[in-house]
């Protein structure tokens, strides 16, 4: 099942830079695991913002909740979740 | 270049049903031409709404403007355009 | 899977009253079928409004989309959809 | 009488983690007492957020106020309260 | 139980003036019955608007819903409902 | 002259609790003086919030400004002021 | 007593042009009477809009309500009312 | 040329009180110079708020920018600027 | 003096197409006169919308008001006006 | 390709003034390099705000993202990006 998830990252001024780099590296590793597994189907940056627009393909709402709330950068994120479904006009098999 | 385009379709009450079906068929044909061309990369429905979330891959802002404003259903659409770019963490070549 | 769906019904001034009663009766019948099936788990009215707050339990996002967009009163509705999941503290088995 | 209550929990950065766990445990215990009593009828999580959508069944507005404002996590919550009532189409006795 | 109800009246341009006067007279009669009964405790106009701020004292949410949705001018109203309760500092017995 | 004043109290995390209790006691005393004088006509709590909806009856805009901005809890308040006037349908002499 | 009143005029498409000119002339005459009387203290246009920002000096909220709601163009106006008072730093006697 | 400028002053909790009084005195002196010069034509307080509504009469946009951004309290202000012009119906010569 | 003006054009459904083309031609002619005169300094389209972002250079607020409100398409426009001024870092003489 | 970028600069209270001046000087130098290169086509101040409205001319969305997010003052900015394109009525060659 498809969801659009939009994430804005806000790092509080004065947050320890080294600790943030560690969290970013962990976030990237976690993201790539999920992308390889086909769960985090797409990610794109929003121009001019520390934000992304992503497509998730999950088995259930609960699975999506668990993934999002355990992301290393989750405590710094504002998140918007929108339920999607396949468009009947699409000619791509993987546009589910 | 990537853009997220969100389209909400609003058909005025009392609009001629047959004429609308004709426009919808033309919209579908135009969409599929653009999808085959790789321009309208993805389309997904928003659950519960006559709306979609789409990804366009175009050569310029002007090309996107021309495509959107000549869609058969454009006069019935509210449109939101967001400039995107490739995310450096993505492992998919086509996640541009 | 659980979703909160909030529906506001807006009948345009001058809409044929008899036709609206027919649609309302069809909506009620469809609702009760879905409630008996366990799909439309709960419905409650919002005080002072022609609106309801409902809980749906569906197998997929697509199923929810199909149910909502084929409701007899759907053309008169503004709809808001929010993905939910079971709360780990709940002691009710059916609070899924 | 029914109310929809939506709660968003925001923990300030740097709040003592152990103290927060103590408050969360107290919140869970209080919630379960109220759920057993039939007052906090339902609770569900909002996917991707530290938020819930709940249904309360109380004897009066004042009772709801006292319950909400004495929750252990209340100082960290943004709360939205909406008065509801039974929907005449519902076939469930307990959908009051 | 107390509720603040704010009502904005919007008469569509071109609505039959005589019919509207009839509805207004019915609204006034209904209002005065409810005020005499102690249900519609207070009403005040908002300066510069066809709007009022009212206090209702009702036995239940359902009673308030029935009162509001059967007002003669209800089809022309936008309504906002807020649940209130007695303030502990008040020295007026009837400030419930 | 009547005004609706809505007040939301926000105490910053970490504010000295004893000092806040002193301010609250001073606020209550000031409120009761004004209520006895007929100036702060009504006060009611908003369910689930540290907020009130009040009706003031003052001789001038300037008097209302002076009262509000010298309340002991004013530095912690967000305030919304709306000018009201007597509704011609009211049957209560004191609904001015 | 001073109030800022902001008025936006919206003429529905297709409204009879001659009738609107008659209403505008009546509005202008009424405005000038009120300006001469010192009630409608100031009026200024908002650049690019069919809107004005005005200052009224009235004896009561009710007087302002009666003035605004009987303006010839009132049925076409969206109005925002803000209560003002003299600023203690002003050196102008008439800046009341 | 006329501009409406609305200013809200927000003093951060804990700001040094003596320093703020010094800034307020400087602001008042600067304001009165500008009022005497006819530049800061009017100032009025917004009831219940640490805010004012002002009318400026300046020779250019740049002059207004320089005045506003060098006000002693500017770092504490949220400012809204609206371009105005003389209303053709006004009978006051100085209502420019 | 510089102003940013943003214009959204909304043509009501059913408006006579030939009459609209006539107005558009008149709008274009008027625009080009003003561009040649250096008054309407820049115009750009907003991608996906019947909207533009423009820069005007005018002698006064009143001149801008007269230009905007006499544009042939003005009755179909929603307009937002923002006062600008030269940025001190700019190295372009004509970036005034 | 053209983009409108609106930037609001917010310096947190208490930020080291000398360090901020250093960042501002670096921002100015970077801006002037980009203006000379024709990339940062225009910049104008918004009257009364620490904000600008700018026009960028870039080869791709990614180029714009890289420019904006590496500006020395970027960590203090709120940014809004809008895709533009040449208006067909413009008579200026460089109004692309």
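Should a chain be cited, it is by its letter among A, B, C, D, E, F, G, H, I and J, assigned in written order, with residues numbered from 1 in that chain.
Criterion: contacts are C-beta pairs under 8 Å (C-beta built on N, C-alpha and C of every residue); 3 or more make two chains touch, one makes a residue touch a chain.
It should be emphasised that the depicted structure is a prediction, and the values quoted were computed from it without experimental measurement.
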Which listed pair, B-J, F-G or F-H, duplicates the contacts of B-I in over half of its pairs: F-H
Selected pair, greater C-beta contact count between A-J and B-J: B-J
Chain whose average C-alpha position is farthest from subunit H's own: C
Rounded Å distance between subunit B and subunit H, as computed from the means of their C-alpha atoms: 47
Chain centre separation in whole Å, for subunit H relative to subunit D (CA means): 45
Euclidean distance of C-alpha centroids - subunit C vs subunit E, Å: 28
Distance from subunit F to subunit C - Cα centre to Cα centre, in angstrom: 40
Shared interface positions of subunit J, touching two or more other chains: 2-3, 45, 47-48, 61-62, 64-65, 81, 83-86
Chains grouped in pairs wherever the two touch, ordered by label: A-B, A-C, A-D, A-J, B-C, B-I, B-J, C-D, C-E, D-E, D-F, E-F, E-G, F-G, F-H, G-H, G-I, H-I, H-J, I-J
Of all residues in subunit G, those that touch subunit H in their complex: 2, 4, 28, 31-32, 35-36, 42-48, 52-53, 55, 82-87, 89-92, 95
Parts of subunit A lying in touch with subunit J, wherever the complex brings them together: 13, 45, 47-50
Contact set on subunit C toward subunit B in their complex: 3, 5, 12, 61-62, 64-65, 68-69, 75, 79-81
Of subunit B, residues touching subunit J in the complex: 1-3, 60-62, 64-65, 81, 83-86
